[in-house]
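Both complexes below contain chain A, partnered by chain B and then by chain C.
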Partner chain A sequence: MSNAIEIRDLEYRAGKTFEVRDLAVNVPTGAMYGFLGPNGAGKTTTIRLILGLLRPVRGRITVLGSEIPREAARMLARTGYVPEAPHLYPSLSVDECLRYHAAFYPTWDWKWADELLGHFRLDRTRRFVTLSKGEKGKLMMLQALAQRPELLVLDEPTDGLDPVVRRDVITAVLDYVAQHNATVLISSHLVHELERICDWVGVMDNGRLVAELPMHAFKSGIKRLRVGGAPALPGDTPFVLLAREPGDGAFETWIVRGWQSPMTQYFDGVGATVREVIDLDLEEGFVELLRTFRGPARAS
Partner chain B sequence: MFRQMLYTQWKWSRLLIVAGALAGFSIPLLSVRPLGDPTVAGYAIGMVLSTVGAYGLLYPLLAGGAGLMLALATWGPDHAGRHVYALTLPLPRWHYALLRFGAGAVLLSGVVAGVLLGTLVAVASVELPPGLRAYPFALTLRFALAAFVAYGAFFAVTAGTNRTAGFILAAIAGLVLAQVMVSAAGSDVGFLVHVVARLFLWPGPLEIFTGRWMLIDV
Partner chain C sequence: MFDQIDPRSPVPLYAQIAGRLRLAVAAGELRPGEPLPSVRQLAARLRINPATVVQAYRDLEGEGFVEMRQGAGTFVRDVAPDRRAGERAEQALRLVRQLLADAGQLGITPPELRAALARALG
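After this line comes the complex of A and B, so read on.
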């Protein structure tokens, strides 16, 4: 499978306090890639590097086969982008914003733009500055979709939107992807939102990629175990022990990654028993992953 | 693409253009008012020229002001959005800057047109005494050159970040401060005068702003 976005050994410094280090990201073509991370993790910086807005100190970025930032203009003609903070020209009306935007994209689809205007209930005559945050977000999304992109880069597109608007926006994206097999990179810290729609997930923290894997692997790979008679030193485990917490009585809670049923044999071998194996949802897995990344596993 | 850029820039700088064009139209009319006074006799020609010359100071000021304001207005909305939208449009940065510059230059010609119309109406509305001649086209051409020089210079400065503008202002302020300190120390060295002379006297880039701006002259 080819990659719509490939990042290798990327390094970027923003001031003295923040840097992106040794970043390697692969977004498969046709994937719905959820880019997760807490605020300040470097998601927006990485997206700006991908779009050629920022220049890396080191490393290589390829997007839709174009070297970034050298061939950014060629890539941007095939990419729809919705920024974290919606901004267009305040004095222009919705219609004027669309006409301006359309002038730069030969692939612009007016018919679909008109349909989306109706779907999003946007008034053509209203000036951008008078739109609510949700309406601005919808207008940005409309612009990104009506240019018929091969790649959609959405930076927290639903942040701060009410549930109705959020659903409208996500539905429009899913419809587009279903019809055009486009690739989507969507960043968010709303984990549940990505859990429903993404098939790949990348987790970023403190300027580094913590994990990148298919969503099903992420969701099924992290478990919470209730362990009875747990050894003080776990030794060589066949899974990755992310965290270990004392429980009530004789049972401890272990958070593990890469769990498979036959691995219960390990516990038999150390004289322990597994009482319960609980699937973690994406948010719990995400939190545990970050906890492990930020500090040593409390495994001993 | 250029048409849309021109239209959007017109939308956010039209008041400025209209005000500049009105000012450009009014200055020539005001400057020839003494000639419309029937009590002004031939011996008062000196006074007429003096009035025309005094109003002539307003042309370079208008040219510089219009260039500055239009340059600020050209980049203002992009600055407000930290250029994120502009930089994600699918064209090279130089091409985008060229489109912005071109659209601003076209709009600036509205102010120049105001000056041209004003000078033509002003000249047509008065009867010139013998020995005096009107220079509406030469004055307008000079105004246009000055306005575009100012627009070009300020466009380049305002295209940069606030930090760039800050460096330039700090350099100017530093120069002035250094001159003040040198003078306060009792030295006769006047390097600021030399810098200004280099800029404003031939062949300096801002020479066009100096000298006499006469709509009517001998």
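After this line comes the complex of A and C, so read on.
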């Protein structure tokens, strides 16, 4: 399978304090790729690099087969982008915003734009500046969708929106993907939202990609174990020991990665027992991954 | 039918959906020839990735539970009674295994469990 977005050895600097280093990202064609990371991790910077809005110091970016930033125009004609903050002209009406946007996209679909207007309950005559935050968010999404893009790049598209609007917006994206085999890159810190819809996850922290893998692999590999009689020195473990913490009484809590059930044998070998294997959901796995990436926290 | 689908569970969503439908076919809740919801409908209803629904339907097709007809949709196939019974037995076993695992973590012994089961069954 080819990749809709491919980044290799990317380096980017903004001022003295922030940089993106050795960045490699692969978004498979047709994937719904969840881009996770704390605020300031570099998600928006990476998105802007992907769209050719920023220029890297070095490295290679390919999006929909076009080399970025050199061939950005060709890629942008086939890409729908919802930025973090709405950026339309405040004095234009909803209708004028749409007509202005449509002029740039030969693939624009008025029939569907009209449908979405009704579905989102947006009034064509209202001026952009008078719209609520939720209405602005819906208008931005409508524009990105009605241009019938091959790639949707959504930067925190539901941030600050109420649950009803969030649901409307996400449902519209899912409906589009169901009809057209589009690729979606969606950044969010609403982890549970991504857990539902994404089949790939990329985690960024401090300008670097910490992990990139299929959602099910991400979720099934990270576990919390309750270990009785844990050895002081774990030695060679068949899994990656991310962290260990003293627990209640004789039990310690271990956070491990790459876990498979036959690995309980390891504990027999070192005279310990696994009392419980606890599944972590995406949010817990994400938090544990970042915690250990930032500094090895070893209790012993 | 899909009230139990839990995105936070470690069981992949496609496996949860396929499992629920397999059971519905086995229990006769879905009759032969009956259509499944379209991929688009089910993805919208559960607010999940359409590809997840496609994967669930493909798995069920591979197992002979449903038939995907190009352009028409996905339909329940006529599944032999012994196969349906086998599927129900599988599901019962899964439930009991889950019960045993939960009980084990709480330190409840098998005899205690057996007594409780006898009481609950009346």
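List of remarks:
As a convention for this text, the second predicted complex is superposed on the first by the 297 of 300 C-alpha atoms of A that agree within 3 Å, B and C clash if a C-alpha of one lies under 4 Å from a C-alpha of the other, contacts with A are read in each partner's own complex, and residues count from 1 in each chain.
FYI, contacts are C-beta pairs under 8 Å (C-beta built on N, C-alpha and C of every residue); 3 or more make two chains touch, one makes a residue touch a chain.
Because the structure is predicted, anything quoted here is derived from the model rather than measured.
With both complexes brought onto chain A, simultaneous placement of chain B and chain C is permitted, the two fitting side by side without a clash. Of the two partner chains, chain B is the only one that A:Phe104 touches; chain C does not reach it. Judged by the touch definition given at the top, the superposed model places A:Pro90 against chain B, while chain C stays out of reach. By the touch criterion defined above, A:Leu51 reaches chain B but does not reach chain C. Contacts of A:His192 after superposition on the shared chain: chain C is touched, whereas chain B is not. When the two structures are aligned on the shared chain, A:Met263 is found in touch with neither chain B nor chain C.
After the superposition on chain A, the angle chain B-chain A-chain C between C-alpha centres rounds to 140°, nearest 10. Minimum Cα separation between chain B and chain C in the superposed model: 26 Å. Note: no residue of chain A belongs to the chain B contact set and to the chain C contact set alike, using the contact criterion stated above. Of all the residues in chain C, the ones that touch chain A in their complex are 7-10, 12-13, 39-40, 43-44, 46-52, 105. Within the complex formed with chain C, the residues of chain A that make contact are 30, 32, 167, 170-171, 174-175, 177-179, 192, 195-199, 215-216, 219-220, 275-276, 279, 281-282. Partner chain A is touched in their complex by these residues of chain B: 1, 3-5, 7-8, 11-12, 77, 80-82, 84-85, 87-92. Taken in their complex, chain A has these residues touching chain B: 51-53, 73-74, 76-77, 81, 83, 85, 87-92, 96, 99-100, 103-105.
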